[in-house]
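The first chain written gets the first letter, and so on, giving A, B, C and D; residue counts start at 1 in each chain.
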């Protein structure tokens, strides 16, 4: 019975955190993009636009959900639900940290510990194309249909290299459970180079990581592979006809997928929650970072620009918060629970930042280029590198 | 309400699904739907394969199911290509209208 | 618990299967077929064939059915219209089908029921209690005992790819 | 293990290489491959024979069972005994020489690689024929050489006469092969095996048949085959036409090796013949008749190659005469010497033709001896050899034969002597017409052949000079083919030698001293002359008696009645029947997939009923 309770609690927690994260990811993305393009980005709502996501949410909820005529109602309504549901399901097998003990109850920091977690994620991501495809088709709009077709073709095509790329870490870890994979990457070479699979002997997985990352971009329909919603050729692609909640659902699904796949990449290649430096140094780094941020904020709060009157108050407040957080990382009881979480989050965040960075930098492919790139370059490349990895591993045995 | 079910229920379920597939094959007119009915039959067969595999406590049944899956994949690829060609040449997906060899 | 799950997902599977047959629009049929597949995947899990469950989702639901949906969308296939050809199929098919089902279930009841044991989750283990349906076990069997068939299937796939490409490309 | 299989395998390899890639290879490579393969097998023969030593008993190597049905089985066996050894040396030795010669002779011909591929293939089959340890394997070689001779006679594929000659050779050989096959059937039925050893062991205890019997039948049938292959009356007609082929082919196949296969076969089956006197007499008579006939025809021919062709036929007649009178070893002896000088004659003729750019008509030659001295020299060696002048090759073997003939029946000896005289006459005639007198052709300054051509000629010339007393073939074959001891009667020898000189002298008188004499002579006995000149009208006779009726019969009866009427009728009947049945069945095949599915389902139900209810369930 208490298993169910714990699971329910964890599920609620994860869902909340994830959705919030997704929402704020939008904010971060807008901010980063803005600064890449030398703009300010959202600034009005709340200090530095911090409340922008909330505003967006309210807007999307309160807007009228338009149901166009001539659509296939059932699928039109089913599609966004499908998309977001599948996106949320797949996060459930991703561990965030080691086993922790809450009030004497041991549990893993993940929703479900299935020993085929990876396969499950693959299965979900394989099915999650239906959300987009159905939505586009049900909208009964040629742009949407084109978007749907594109996304289904593209997601199938890029699923191959992705799966093959993530096989090679499996070869080295010899398990399908993400937690064991993460655990297998603990440790250091001469206490400097972490034994992450991207570095780990006998077969460092740079290429696999690269392939995986590229395929992941395509799987999540992100620039430079966002053909399904290429606004300047297909209006908005598969979600042209969607408004308010439906749109929000697709939006959320996309960002949740980004988070999931980044977490997956972290686990498979970047050593999960294992810190990049040896203990006990690793234990202090989070604190240092937060403290540094806090002092940064204090400093800027002191001598802030005259036009930004709010900063005089908000910066120190956040600085205080950061100080507190940094201190929390030193609390012995929470330390081993939070440390891994921090590192995991940091790495995932880095990959998410990559997403945004690429979006700010690269132009969009043409569709035929996209396909030929998948089949003529990425797929063979992944095969070759899998072959090499397998060979090396076999030789090592 | 028993806690567990006998294996034969799985087999009966597979039989029912298979029958549904046959029915679809018999009564649908759309080539693609007919094709999907075939896939349904294959799935039913897979289920019974895996059920037997459980019964015999051997993994072979799974392997067989896997092979069925592979063959189904190949069949789907070729079959759909054929359907595309048929549609290209006859502009119809109704199975009764492609009953003649030459049009 | 197992019984409930089985009944639940069996019901889903059957419902989706019926839906597949009765729906007139291919997309609906496709979606319901995907539903069947998902339900079957869960049943595979109940039977301990976890790898097969995953493969079912990835290969069948994730690849093959996407292909179907893709083609349906591409050809923009509408709902089929009522036309009464092939009455033969109706006349002979229905009784044949009924007889078939009846016979099969009768045989299963008569032959299998006494000789099959009950399905328990995690009961799919060999003599020394090692799980059989895992990716490891399947992989072992696949690459040792069934290596030749495996390779042959790879050739089959290759041929299928070629055939599909040729068919789809050139004007026949 | 002597690896006998290498002997035929090497030329086969040559054939494969030249036949498959020859088109792309330069001529030099092709000729090197061809000659090297044959020379290599010659070398292997020498090595094998050296290794096998005195070779008292036959040495057999069996590789794998080839045909096996019930108790009857034929193995792929090769065997070597003294007879085989002689033939092997002749075939590979002369073969290599002629290959080398052909390199020069064919230099400017098209289809160079084709020619050498065929030649190598011929060597392969000939060696199989010689080496085979049972009748069937021998027959394989037998047919193979027939095929190659067909291919090579018709080598100039653009000449209709060549094609016709090839077909003629093939068809006539068919008749002979028919006899051979029947003989094999008889042997299988009566002895249950085709293996030489076993058959002969079975035959030896048998009594000598005074009247016709089983052995006689076998012997005669075998001789039919031999007659076909070795151009004996009445099947000799193909050989003169075979001269359509390139001269090296005439030398190798139609003088030295293939045509002697018949003699070899008869000698091989000596055990059988010795117990069938009737057959022996037939062989002897046929041989004698052939010898005389061909020799007389030879007198009148003007085509140099044809003259030599008829001379070949008559020499073959001699060989069969030898076999017929029981002097098998003498026959083989003559095979060897004849191989030397006849090959030399043909190659020399080839050299002459080559010098005159394809001129073959004797009446257009003359006075060539100072233009092409080397050719004249070597041809002179062959001339004295064939004319039976002691101590040259022809003399010894012919002498043996004549002595044996006299011992068997004196009249045969006399006929033989006369034939010998004729032989020496027509060869001398050819020589005089070709080399003496004044040049009658209009092709100016003939040129000597290159070394690659006259080199082999020189070797052959040496052989035909000394080969007679150097190779004591009968002595070598004594253990295998014992010949009744004929006293060495000097007078008889003198007579035959005299006959040789007489022929030579007469020729000299007619063609050198008074060149107008032949014309007058021909005018005097016109009818006879014309008959002989037209080869006794044998071809015309065959045409009228055999060919026309056959063609007519097949046209009217076989084609109109049998084929068009019965066969086609039956076929069409089947067709219509199938059509009508299908007309009923096609109603089933509506092309409507769903009804098919319904049928399938019905079938499943039936199966289940059978399974579950009738068979009492799945067990």
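Miscellaneous remarks
One rule holds for everything that comes next: a contact is a pair of C-beta atoms (placed from the backbone, for glycine too) under 8 Å apart; a residue touches a chain by one contact, two chains touch by 3 or more.
Everything numeric here is computed off the predicted structure, so don't read it as measured data.
Looking at which of A-C and B-C shares more C-beta pairs in contact, the answer is the pair B-C. Averaged Cα coordinates give chain A a centre that lies 37 Å from the centre of chain B. Work out the mean CA point of chain A and of chain C, and you get 33 Å between them. If you average the Cα atoms of chain B and of chain C, the two centres end up 6 Å apart.
Once the centre of each chain is set as its mean CA position, chain A and chain D turn out to be 90 Å apart.
Multi-chain contact residues of chain C, defined as those touching 2 or more other chains: 51, 55, 63, 67, 74, 85-86, 89, 93, 97, 100, 104.
Residues of chain D in contact with at least two other chains: 590, 592, 594, 597-598, 601. Residues of chain B in contact with at least two other chains: 22, 26-27, 96. Listed by chain label, the pairs that touch are A-C, B-C, B-D, C-D. Of all residues in chain B, those touching chain D in their complex are 22, 25-27, 34, 95-96, 99-101. Remark: chain C residues 85-86, 88-89, 92-93, 96-97, 99-100, 103-104, 106-107, 110-111 touch chain D in the complex.
The touching residues of chain D, when paired with chain C in their complex, are 590, 592, 594-595, 597-599, 601-602, 604-605, 608-609, 611-612, 617-618.
If you check the complex, the residues on chain D that touch chain B are 590-594, 597-598, 601. Across the complex, chain C is touched by residues 1-13, 15-24, 26-30, 32-33, 35-37, 39-40, 43, 46-47, 50-51, 53-55, 57-60, 62-63, 65-67, 69-78, 80-85, 87-89, 93-94, 96 of chain B.
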